[in-house]
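What follows is chain A paired twice: with chain B in the first complex and chain C in the second.
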Partner chain A sequence: MSDWGLDSVTVRIGGVIALDGVSLAVAPGEVAVVVGGDGAGKTTVARTLAGLVRVAAGTVRRPEGRRVGYQPAGSGVWPDLTVDENLSFIATAFRMGAADAPGRIDQLLGATGLATVRDRLGAQLSGGMRQKLGVAMALLAEPEMLILDEPTTGVDPVSRHELWRLVSQTVASGTAVVMTTTYLDEAERAGTILALDGGRTLAVGTPAEVRRSLRGAVYASDHPVEGAHQWRRGAAWRIWTDGEAPPGGTPVSPDLGDVLIAAAFDAHGAAAR
Partner chain B sequence: MWAMVVKEFRQVRRDKRTLAMMILMPIVLLVVFGYAASFDVSSVEVALVGPGAESLRSQVPARLMVSEVDPSAGRDEAVDMLKRGRVVAVIVAEADSQTVLVDGSELFAARAVVQIVTTARQQTPGLSLEVLFNPGLDTSAVLVPGLGGLILLFVGTVITSLGVVRERQAGTLEQLAVMPLRPRDVFIGKVAPYFVVAFVDLIIVLLVGTLLFDVPFNGSVFTLALGSLLFLFVTLGVGVVISSVSENQGQAIQLALMTLLPQVLLSGLIFPLSSMGAGVRWIGYLLPLTYFNQVAKGVMVRGAPIDSLLVPLGLLALLGAVAFSLAVLRFRRFLAAGDGGQATAA
Partner chain C sequence: MNALVDGRDLVKRFGSFTAVDGVSLRVEDGEVVGLLGANGAGKTTLLRILLGLLSPTAGTARLFGGSPTRAALSRVGYVPQGLGLYTDLTVAENLAFRARLFGVGAPPLPDDLEARSAEIVAGLSVGYQRRVAFLAALMHHPALLVLDEPTSGVGPLGRARLWDTIREAADGGAGVLVTTHHLEEAEECDRLVMMAAGKIAAEGSLVDIVGSLQAVEVETDDWRRGLDVLGSAGVVVGLAGSRLRVPGGDPAEVRRILEDAGVAGTVSSRPATLEEKFVSLAGH
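On to the complex of A and B.
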């Protein structure tokens, strides 16, 4: 089975480059996580893969339209329909047979823990419930590729765990999943990470490859160093440099968060150079 | 307080559509009212029938413009002419008497004819006057059919205009875009509930009009239903187009009202089209309510047969096709999700 994804894709939105030669591959049965700060281009990646954005250059590889499941950033739930009605609408639009749809809806309501609120309006669901319903809607027609745009943002830890369990089950069934998130602990679970900054690729690969891709070194320090590229980690400081060790700095093995912050410093430095 | 004033000015400056409306609307209204707001009918088209038609031609008062003369026709043909809306009045000239038959559905023109004929009767013994279809020249008989149209317009355009905006604000428009729905499926799905509600509204208005205000219903229910169907098609299409070009519900309502107001003023519902200045009258001929008004008034008050209403029905169908195409095109832009496989930049 072929990979889905982006090959050197450039997207312009209103004359501004939103994605600049970005590539990402996700195989069936694999999770690719897109991370980055605000305005990095995460949503544009999701929308491009969903076919909602015209690309200026490059190639988008995705399954035929009805084989894509997509959850937009705002959950995609119709607020004035009940949980059941939201799912039934999707089932009808995807022409799921009357024999299959009710069973599949029951299965997803059970998996998301929404079976007890199936008559509740979308607007009356909690944030976590709404996101889970959004994921269930995207999953209903058993897509080959599932695209989730920040499904866990603003969701409590228990609901996040349940959402990830759902994603894991989906991946186990052979679906390719692309998910955007601002939580780096979620990125650690991915087969592939795409880290973006201002529409450009900071790093791409497995979590181990992304960690290895870091130039220079990260140091821990109990005080800030003037002029250094540094950030807070609890009560201490992390300092990244591709030159000499900072005074009083102790070399540390950087985690994914450190690597991505350092990579952003590196990229901005390269742009300035 | 100063901070609040500055903030409001900044917000107003950025809402260019509202700003333009606040500045342009009074000017437009002033001009339109100046040219359109007139109940005065300067001249009325009449037909002359009967054996004495030719000899009577030179004696017709100047304000009655003779457009047809048919000495071989009689009273039945005269009534038919009025039913079909070919003229506002017909003078049936018999050998020893003359009868002026007036179409009461054209309220202001009919009143003008009544006034002219009443004056003329003092010098012409044997001249009689008969107002048909709306003998009492009641305003309600003429307004209720048009008001039905206005309600269809309100539900069709104003309420529908909120439909797509609501999807966009709820973030569900993208959900629709990735679903296997064709633009026309979305359009028809969107307008179907409003269509039913508007039709029920129309039935209620017409029932109340006929039962409570004694508005006559002399024509075919089928013809009125056909006209209403075509008119609704136009108004719903316009509503969807407005919805698709609006960023929020406030903008949608604003735009919808901007399409509503000219229709109220320039469709002939309040001011007769024939009384309007040529500069604004042509706008009236672009508005769907003008044609619905002609159909509704024709069917209900005059009992006009369908073949005499083919022009307004045809124009409603044309306007409907334009509105529907625009709405579907707008949806196509929104629902531009590719159909899968490889999407490569051109």
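On to the complex of A and C.
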């Protein structure tokens, strides 16, 4: 089966470049995680893969319309419908037959632990429950590609673990999953990471490839260094340079956070100092 | 060192429910303390007691060496998770309002925020909103900063910039209390206190918090079926790349389940992650 994804995709929204030549390959049975801060382009990647955005250049490879499951940022749950009604509504929209829908809904309520709250209104669910319902809604029609936009933001760690378990099961069944997040420990669990900054690719590849992509080196220091590209790590400083070692600096093996901060400095040049 | 916050043997009961159950917590000047816990662990109740917003059923809470009065609260800077900004006012109006409240001058804005000072807060990105909330909380040079998931929703560089600001306040002598359940925030703290079911479950560095908890890691080409057979056997199993992780699991049992199902692979024990610690504390 071929990969889904983006090939050198550029997207303009209101004359502003939201994505600038971004590529991402997502294989069936694999999780790709898109990371980045505000305005990095995470949501645009999710919406582009979901077919909701027109691209100015490049190619989008996605399954045919109904074979894509998409959960927008903020869960996509209707607050004034019950858990059951939210799922039934999606089943109707996807024209799932009366023969298939109830069984599939029961199965997903079981997998998400929402079976005991099926009559509760969306508005009365906890943040974690609402996100799990949103994922269940996106999974209902058994998509070939599942797209989740920040499903774990503001979600407590136990619910987060349950969401990942659901993602794992989905991946194991051969579905391609793309999710956006601001949490790098989630990126570490992905098959592929796409790190974005202002619509541009900072790094892309497996977690190990992204770590290896760092130019220069990262040092730990117990004092700041004038004019250096530096940031705090606990009470100490981290310094990135592609030149000479900073005075008093000790080279460290950078984690994903260090690599992406350094890559952002590298991309911004002296302006970010 | 000087204890800014000193809670001793605090208990808070709501009817028959004990939300905080014998917790002691100190925050000293210049230190960044992380208060960790899943939802319902008792973090918010503890915080409200320490700030004098709720009286404890038993135990004592001291703020700056005295009772947590209104006057004492004026020396606290607080950034709630919802940020506490008036989203239909501009950046400048929010800061002017806060400045009048604290009786101080509005702080100078960094260039990029100055350029947007006449914009409505609701129209700014989360990263900008967070920086405005930090400026609003820090303008009166508080002795204690209380931050609820201060870098949630922010990317790596934005997060690094916010921690620069937090560390600058701590270097200037402020004590900082951060509530969070995220690894990247926990890693930035000098000392961590983890709550579960109203009690302190662990204390110290990140290594102390995770403690001796191990996760069983399985490397196998057949991870899809491995996930399936372990899940069917009632084992809590997660996926990291193409490796399977069983927090707190027994390697021998995992090996046996996989062998019985004919799934070949290597099974090893690894230190658990912070999230796996949360999950094991929640009894999953």
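One rule holds in what follows: the second predicted complex is superposed on the first by the 269 of 273 C-alpha atoms of A that agree within 3 Å, B and C clash if a C-alpha of one lies under 4 Å from a C-alpha of the other, contacts with A are read in each partner's own complex, and residues count from 1 in each chain.
By our rule, contacts are C-beta pairs under 8 Å (C-beta built on N, C-alpha and C of every residue); 3 or more make two chains touch, one makes a residue touch a chain.
Note that the structure is a prediction, hence the values are computed from the model and not measured.
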| item | value |
| --- | --- |
| Overlay on chain A: chain C relative to chain B, clash or fit | fit |
| Comparison of chain B and chain C by chain A residues contacted | C |
| Partner chain in contact with A:55 - chain B first, chain C second, else both or neither | first |
| Which of chain B and chain C A:36 touches, first, second, both or neither | second |
| Partner chain in contact with A:68 - chain B first, chain C second, else both or neither | first |
| Contacts of A:94 with chain B and chain C, given as first, second, both or neither | first |
| Geometry of the superposed three-chain model: angle at chain A (Cα centres of chain B and chain C, steps of 10 degrees) | 100 |
| Partner chain(s) touched by A:168 [first = chain B, second = chain C, both, neither] | second |
| Chain B versus chain C - smallest C-alpha distance in the overlay, whole Å | 6 |
| Residues of chain A at both interfaces, chain B in one complex, chain C in the other | none |
| Partner chain A, residues of chain C touching it in the complex | 32, 38-39, 81, 125-128, 149, 152-161, 163-164, 167, 181-184, 187-190, 223-224, 227-228, 231, 236-242, 273-276, 278-279, 282, 284 |
| Sites on chain A touched by chain B in the complex | 10, 47, 50-52, 54-68, 70, 72-79, 90, 93-95, 137 |
| Complex contact set, residues of chain B against chain A | 170-172, 174-175, 177-181, 336-345 |
| Parts of chain A lying in touch with chain C, wherever the complex brings them together | 29, 31, 35-40, 126, 128, 150, 153-154, 156-161, 164-165, 167-169, 171-174, 182-185, 188-191, 197, 206-207, 231-235, 257, 260-261, 264-265, 272 |
